[in-house]
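Each of the next two complexes has chain A plus one other chain: chain B in the first, chain C in the second.
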Partner chain A sequence: MAASMRLLLRRVIRYSHRDINVTAAGAAGRSGCCWGPSTCRCSSDDAGDRSTHFGFETVPETEKAKKVYKVFENVAQKYDTMNDAMSLGVHRLWKDVLLHVMHPQPGAQLLDVAGGTGDISFRFLEYVRSQQERQKRRAARSMQTPSWGDISSNYSSSEDEVSPQESRAVVCDINKEMLRVGKQKADSMGVTAGLSWVAGDAEELPFDDDRFDIYTIAFGIRNVTHIDQALQEALRVLKPGGRFMCLEFSKVTNPVLSRLYDAYSFNMIPVLGEVIAGDWKSYQYLVESIRKFPDQEEFKHMIEDAGFYCVKYYNLTGGVVALHSGFKL
Partner chain B sequence: MSLSVTGLSKSEKTLSRTIVTQPFQKETYNAVQLNMAALLRGLRAGRALRGLVRVVTAPTATNLQSGGLRRGFHRATLRLQDESKSDKHPSSSSPTYHEHYQAHHAEPDLAEGPQDDLTSDPAAEEASRPNTSYQDQGGEQGEEYETEEQLQARVLTAALEFVPLHGWSMEAIAAAAETLGLSSASTGMFYNGAGDLVLHFIAQCNSQLTEILVEQHNQVQLGQAEPKKTADFLRDAVETRLRMHIPYMESWPQAMSILLLPHNIPDSLKHLSTLVDDMWYYAGDRSTDMNWYTKRAALTGIYNTTELVMLQDSSPDFQDTWNFLDNRIQDVVNMAAAAKQAQATGETVVQGLMGAAVTLKNLTGLNQRR
Partner chain C sequence: MLLPVLLGRLNRLHYILISKAVCVHQVHSSSSVCADSCYDGLYPGHIHTTPFQKAMLALGSGVAALQDPYRHDMVAVLGETTGHLALMNIRDKMRNDPEGYTILTERPRIRLSTLDLKELASLPDGSFGREYLRFLEENLVTPDSRADVKYVDDEELAYVMQRYREVHDLLHTLLGMPTNMLGEVAVKWFEAAQTGLPMCALGAVLGPLRLNARRLQSLFTSLGPWALQNGHRSRCVLSIFYERRWAQSIEDLRKELNIEPPPVILTATNRRNI
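Showing the complex of A and B:
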């Protein structure tokens, strides 16, 4: 059965090689959440000769941005469904772990790059709100027997009771199609306060310096053409003490699991992509781009080189996904 | 010259330099080498002591700043040193120049030691961090010359002010980070959360107590104060240490419960054991037998029970607690005296019995030799 699958695969690839310029490569990831369309439009002037990887293909750097854009434009509608199908719902747990490790304090400002459909931002807002409610409840409980001093100070500072700054999440994505889908999701969920949607390039963020407390990029940095530039931009827009967090597919440490993972990735995922979303090549790109991404230690060194301190990574699901975290100190 | 000159202190270097730069002649060459070797061996013995002194006096802000500068120089000189290693010449000044900086590099490392005791953070990042701080931000001033541990220690010390308001929690750390100009997200650095804060506070209290005890010890050595009796000394030491908890008394039960969490127990036990050890050491205990364990166990029991009594104490200035402490110490002293007496009595009794047995044997004639 695997052999016939491979034949099918080869036939499809040969068929699609006829017109390579067509938007190729779906980026279906197992967990789907890997759409990080923040590819760079960073085409620098003399980058024409330099080439980079696009899945297992080699393309000129200027081309990669456009190709990835097309990929995500195609898959935007079915993005969330494919995520669930390919990762069997585990991507939700990965994102929950990201939020738990982040442990945002009330009043924090989040920048969610390659946020696409806004999964991280929704979770962030929910987390902060539940924390604020817990704090209010705790304050109310401790105020049940107020002393005269407390009562008098309450009168004077009644305006400052609410946290001086509400937490806000900004979703930034290079792909307008993904942002549109995200906005629709937000409207249907009824989440409107504290959320904004911005179209921007991860290598050239349209924000001022020292603006955000937390910068996250979930399953997006692998699609960026110049990862170090994206890291530099992250350092720039973060406040001093701000945290950089990156959720991304990585190298599986266990060899047995690695074989299973490879078999699943290359055989099942493009097929699922074809069946559910009608796009084989996008998901082929996805699986290949995971293999081209540097492993945990190398990426940790890249983050440190960009200027972050206390860089640490956590392996989730045996190394399938790695959560890297660094601080701007 | 085959003599290795790495890791020598400043005075040794100057000596070696003055000796080495004299004009070489064949017959005096060996003599000079032997003299230098003997001198350096003698100086090396004193170097260890001086190193210890440097460790104690090093942790000051200015010293750390210059330590950071030296570290910056060190990175540059390391690169130069690699180039000059191939043509190392005993009489040239450049290798000794580099080794001079290399020796001084050891000092900031020593200076970091006591700092690490004060913070309770994973040292794993420390290995990678110094490499990156000076590669990219070569010319920047300010925080880059402060290590991550120092920054974390600063944040935790500032967080202690917010403990009465927020309790021992991440909110206190977040509030402190904001007063220092850092984003509240930097609290993510503290993987143990509130545990980090409590352990930092305990380490700080312990080092304060050690300073006070050293000060008292020095005064006794100088003859400016009378040496106290052991029981009084311990009583005063425990009282001083417990008084440091008074500002945080309302939230202290929360702190104690955090210390009892399974992942915090090894660290809190370590702090407690070093505290008790320090107290006994400065009380003059130099025992090397079973007494070492019994004394520390007794003092640990006294300290813990007094701490618990203090939680419930509502008398003015915790007078009940100090009375309890007095009684417990008196108990231990009495017990020690009683134990000694019992032992002496036992010995005498045994001797008496032996004597009676021998007498009986004589009387019955069993002792005669045939």
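Showing the complex of A and C:
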């Protein structure tokens, strides 16, 4: 214990001139700001090699995707259990809010990027199904006392009625292990209709232009190496009028909550990772990557730069999570 | 009242996290491939933890190990987070013993890659090496299933912990205990008396809860007292350079260590992996 403190002290003194801004800032929420989001994303210092951040580490850009893949491959089996344990079940509420804000209508085509174990897609199909039920009930009620005009138009239209397009959800994830776990979940829940699983990279989606009504990416975009490319791809595959929605961990505005949140993140989450999933390092990466992600306003500007309109964000749980939304016009 | 303590810890945490990040920055900016030789910490696999994190780990791993005793990684984490004083004790004992001191300097590891199984098989029956090989075969265990040490913040103590884990199977051979529940509990009692590691003590106390009445009786009347007595009076088992004593007769080794042969002969009836 004493040896480690001495080692620590020596390191701190040696690097204190580099860290003085960071430690003086105090509030943990700002601990990543000394890197500055734009500089840390690509700093071309070592011989033309572009480097980026992997948590608090700096790695070459080519390495980051591989390391992230490794992390999610390791945690895939216990992913859902860990989410419940770390957020005390609150992540379910966040995802429910996403669906309520989305308010999809029957016939909507959803692309769920970094969908992994399928949480958003399952909720989407459930929502759309209940919307469909509601519409049918409403139609049945309104048909209680039909007029002669209604009856005759019903006869003529029933022959060549265009069946309403079924809502479909496509789960796209770069990690095959996560997709496997998601498929297993779907099979055990008995959800198969309207769901497909595709392995693909958010920076280079394997879909045609103008295909989807809604594009969601929940807790995935901070793991992407080039966020702007992912946003460009999102714009490409959405139909005109389509909606981009992103759930992601963000900056907590309240300073007291921020310190509690940081204490919880850095002390409890890796411990939970070790005890439940047997993997400390992956969950250390998780909490560090949250700190490196741009804050609400900056991410909003990034989405606007990619070409989306009417971009707004909603803070959930005091800013722990932010829901960003934009439209392609 | 808790808040200033928390805030103080948080500031310390910042130092740790930022210094770690900066150190790693040095490591990674020079090479993009992270091999075994380039690691973050005092030894490969080392993870820095604050005292609070260690406490939480000890609590969490304790609960997890109790719920599922087959989670050996949790037992390992519990041992590492609670064993600091005991490890220092053992290390000092090893330093004071000439053979133990050799072990601390040479740092031998017991792994399938370092063991010559053919040579062990060719040794005569009754020799330590042959009996160890027989133990591995009958109980279907392998020396490679030991978790690496992660949470010990001193590199020498981490080696002592690793050595303790690797010597565990050899202890089974020396004591003549199989890897079923009764055998494991008996070895735990011996280890608790020998090493003083809290994890061994916990295992020694809670292990018997899973035994049936007949085995409990055997434990409390003959095996248990034998294990405890021998644990106390035997020489420090971690100070023996086992790798150089494969050809030695097991009876000879027991006499040298001051261990009596077991009062009850147990056989490997339950097939379990360690």
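Keep in mind that, in the parts below, the second predicted complex is superposed on the first by the 276 of 329 C-alpha atoms of A that agree within 3 Å, B and C clash if a C-alpha of one lies under 4 Å from a C-alpha of the other, contacts with A are read in each partner's own complex, and residues count from 1 in each chain.
FYI, contacts are C-beta pairs under 8 Å (C-beta built on N, C-alpha and C of every residue); 3 or more make two chains touch, one makes a residue touch a chain.
This one's a predicted model, so the numbers in the text were calculated from it and none came from an experiment.
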Larger residue footprint on chain A, choosing between chain B and chain C, goes to C
Original post:
Which partner does A:271 contact after superposing on A: first (chain B), second (chain C), both, neither?
Top reply: second
Margin query: Once chain A of both complexes is superposed, is A:102 in touch with chain B (first), chain C (second), both, or neither?
Written below: first
Item to complete: Based on the superposed arrangement, let me know which partner A:281 touches: chain B (first), chain C (second), both, or neither?
Response: second
Please indicate which partner A:311 is in contact with in the superposed arrangement: first for chain B, second for chain C, both, or neither. first
Note to self: Looking at A:327 after the superposition, I want to know if it touches chain B, chain C, both of them or none. Which is it: first, second, both, neither?
What the structure shows: first
If you stack the two complexes on chain A, which partner ends up touching A:259: first (chain B), second (chain C), both, or neither?
-> second
- Message: By the touch definition at the top of the document, which applies to A:57: first (chain B), second (chain C), both, or neither?
- Response: second
Chain A contact set shared between chain B and chain C covers none
Given the complex, residues on chain A that touch chain C span 1, 3-4, 7-8, 11-12, 15, 18-19, 22-23, 28, 31, 46, 49, 51, 56-60, 62-63, 259, 262-263, 266-268, 270-272, 274-276, 278, 280-281, 284
Residue positions on chain B within touch of chain A in the complex are 125, 128-129, 131-133, 135-137, 143, 148, 151, 170-171, 174, 177, 180-189
The answer for chain C against chain A in the complex is residues 6-7, 9-11, 13-25, 28-29, 32, 42, 47-48, 50-53, 56-57, 60-61, 63-64, 73-74, 77, 84, 150, 153-154
So, in the complex, the side of chain A touching chain B is made of residues 101-105, 107-108, 135, 213-214, 238-243, 304-305, 307, 309-312, 325, 327, 329
